[in-house]
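In this document, chain identifiers A, B, C and D correspond to the written order of the chains, with residue numbering beginning at 1 in each.
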Amino acid sequence: VRAGRLEAFSDGVIAIAATLLVIELAVPPAGEDVWHALREELPAVAAFAVSFLTILIFWVNHHALYHAVEGVNRAMLFINGLLLLAISFVSYCTAVLGHALQTGEHDRSAAVLYALVLGLCSTCFTALWICLRARPGLLTEQARPRVYAALRRSLAGPTIYLVAILVGLLNAPASLALDAVVALYFALVPRHLRKPALPPTGAGPR
Amino acid sequence: VRAGRLEAFSDGVIAIAATLLVIELAVPPAGEDVWHALREELPAVAAFAVSFLTILIFWVNHHALYHAVEGVNRAMLFINGLLLLAISFVSYCTAVLGHALQTGEHDRSAAVLYALVLGLCSTCFTALWICLRARPGLLTEQARPRVYAALRRSLAGPTIYLVAILVGLLNAPASLALDAVVALYFALVPRHLRKPALPPTGAGPR
Amino acid sequence: VRAGRLEAFSDGVIAIAATLLVIELAVPPAGEDVWHALREELPAVAAFAVSFLTILIFWVNHHALYHAVEGVNRAMLFINGLLLLAISFVSYCTAVLGHALQTGEHDRSAAVLYALVLGLCSTCFTALWICLRARPGLLTEQARPRVYAALRRSLAGPTIYLVAILVGLLNAPASLALDAVVALYFALVPRHLRKPALPPTGAGPR
Amino acid sequence: VRAGRLEAFSDGVIAIAATLLVIELAVPPAGEDVWHALREELPAVAAFAVSFLTILIFWVNHHALYHAVEGVNRAMLFINGLLLLAISFVSYCTAVLGHALQTGEHDRSAAVLYALVLGLCSTCFTALWICLRARPGLLTEQARPRVYAALRRSLAGPTIYLVAILVGLLNAPASLALDAVVALYFALVPRHLRKPALPPTGAGPR
């Protein structure tokens, strides 16, 4: 499988998974006050927003990874498939968490399940970098010296999600807040992943 | 993140958000007269059409913006993510507005929410142009002299949506009509955003 | 708007519209006999299949049209938007028709609505060819001499759908059969729309 | 139709079909224990996972096929359309099978239907290779000597799904397990389908 094609297909799945999230938000029944319904649904909307931004960050990381890659082997193809399966399952977990946060019933179990699935996605990324570490021939020449740094950086995901699972056993909103922290952490794209064609002048990106 | 890839991914999310709108339209229960049901659902169909065309216009503007861009910085990546989040939320607001217009209950609140979310999308576009104004190095050379004009033009969106919010406090259908005006305004793509490769002969596009 | 980008975006909307059709098919409730349920739903499945294949054919024609095009003007952009709106509305009409055919109630109204929406799509294609006839500068050089033939051929769509609307006033299944005829007609892609790079030897496509 | 464009469109439909699967999983009603609900839904989740991975494998095979192709003829275009129709129908069958496995009622009929639809997809692949066998001019030069091997290999799909249909008459979970075997079989991509640009050194993929 050509890496470019695999990336395009994965992009499609990730974009759809992000956009489908919204259909799990229950539209308030006709006749109900809109602001009241929204306030009631605020926890579900928060879970929706965290999931959406997390999936966007997954996309950014996925793109950065395949930008550094020239080919994929069978193990990577398999892990990539598992990653897409897990990402497509996020909408289910988001709906479960949203409902649970709204009613306050079984919300800790829902938070654990949610962090578990995000953690699985995150672990797939780390596994992909481990594959690339083991077979640097799959990387572009420029990317080879940076594979260690990328692998180390990717470990932040599984680590924080593990904490989020443990916190979820005690408190659901705190666990969701931790999940949001991962998205924020990875939103801070390190310098070396930015567009290289830009001139290093003051007019370029910070 | 390469601008081309970000554009392709955003295109995917925008295309899905537009196409998903239709699944919020309630299919009339079996046995009901089709034309009667459609007439009853006309306000929801109108909201659907306005949302669909508005999202198409968002796409046209998104495309025009990235056509002028050579790279994106972190701020733009973040604003783009917020824009996609808001666009994917449009289907929810469309369903709420559709229901409210049909029953006539709480329809003004729904119209305010609807214009608020469209206004948020619109403000993201203006924010992207402000980023580009501040860092012209991110623009292609041809686009740099036109960044002022584009930024000024993009202000029409937040402005009209703000009026639509205020009108929505009084009358929901009038507010929706104003939302449609924004789509019409931006549908009038200015000359300089058209395909440059076409010869400037009489046979070219008007 | 660059024609290639518009085509890619339209492809996305068309692919999603086709794939979303299936979620309007009602999954039989647990405990019901699967074959019995499928037999009961056969009219809905038939409507689903006709819609799916019709949208695929729309894609083929859309692709053939944009293959012949170098640029689009504002009128074409607008008609293309209307076409996408109509295509995304097909799933709604398919669900309405499927329900009506299953129960036999109001099925003629549903068939008229269905043929009306497909006819609108079809008319958009004709309108696009009329735009190109009026401004041959938008066409590639090879495509210019063939614009008449393409426009004439595209008229088959609105014509047969008009007949399907009239037939739908009398008999719903016959109208659906006529809709299927349009798909079959356009499935017979004329020779000149095939891949030109292939050598004209006996080993090439028939 | 250019083969590249057909592939991109098919990719879109396949990606959406895979990602839509999840919305057929019933989110447990608020107030129910999350782990208990998941355990109850385990058969449906298993069917979801098998469908998702099977569709991913379909994509890999679809990509490998079009990688070997230079053009498509009308017969291939038609078979490709049928393949997409069948793939988009998988989510319906997955939901039916999931429900039936959960309740244990009519589960064998559901397993037969499921294997039937997957078998139809698989047969379309074989039919595409038969088309290419008959018209080697459609293949790239490098792919021509391998068309026999690819055709023979593709026969594994219809064969195992036929067995899965027969087994489904007796036992539903065993039939689903066999369906999973097909995915595993094709996951073992043969050597000649991997990225050719990679150097054949030890640093390359195994």
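Criterion: a residue touches a chain if its C-beta (ideal position, glycine included) is under 8 Å from a C-beta of that chain, and two chains touch if they have at least 3 such contacts.
Just so it is clear, the structure is predicted and the values come from calculations on it, not from any experiment.
Averaging C-alpha coordinates per chain and comparing to subunit A, the farthest chain turns out to be C. A rotation of 180 degrees, rounded to a multiple of 5, brings the CA atoms of subunit B into register with those of subunit D. Taken over every residue number at the interface, the positions common to subunit A and subunit D amount to under half, indicating a different-residue contact. Mean C-alpha positions place subunit A and subunit C at a centre distance of 36 Å.
Averaging C-alpha coordinates per chain places the centre of subunit B 26 Å away from that of subunit C.
Contact with two or more other chains is made by residues 8, 12, 16, 20, 23 of subunit B.
Interchain contacts close the chains into one ring where each touches exactly two others, per the touch definition above. Within the complex formed with subunit B, the subunit C residues making contact are 1-3, 5, 8-9, 12-13, 16-17, 20, 23-24, 70-74, 77-78, 81, 84-85, 88-89, 91-92, 95-96, 99-100, 102-103, 105-106, 109-110, 113, 135-138.
Here subunit C touches subunit D in the complex through residues 8, 11-12, 14-16, 18-23, 25, 27-35, 38, 49, 52-53, 56, 59-60, 63-64, 67, 187-189, 193-195, 197-199, 201-206, going by the rule given at the top.
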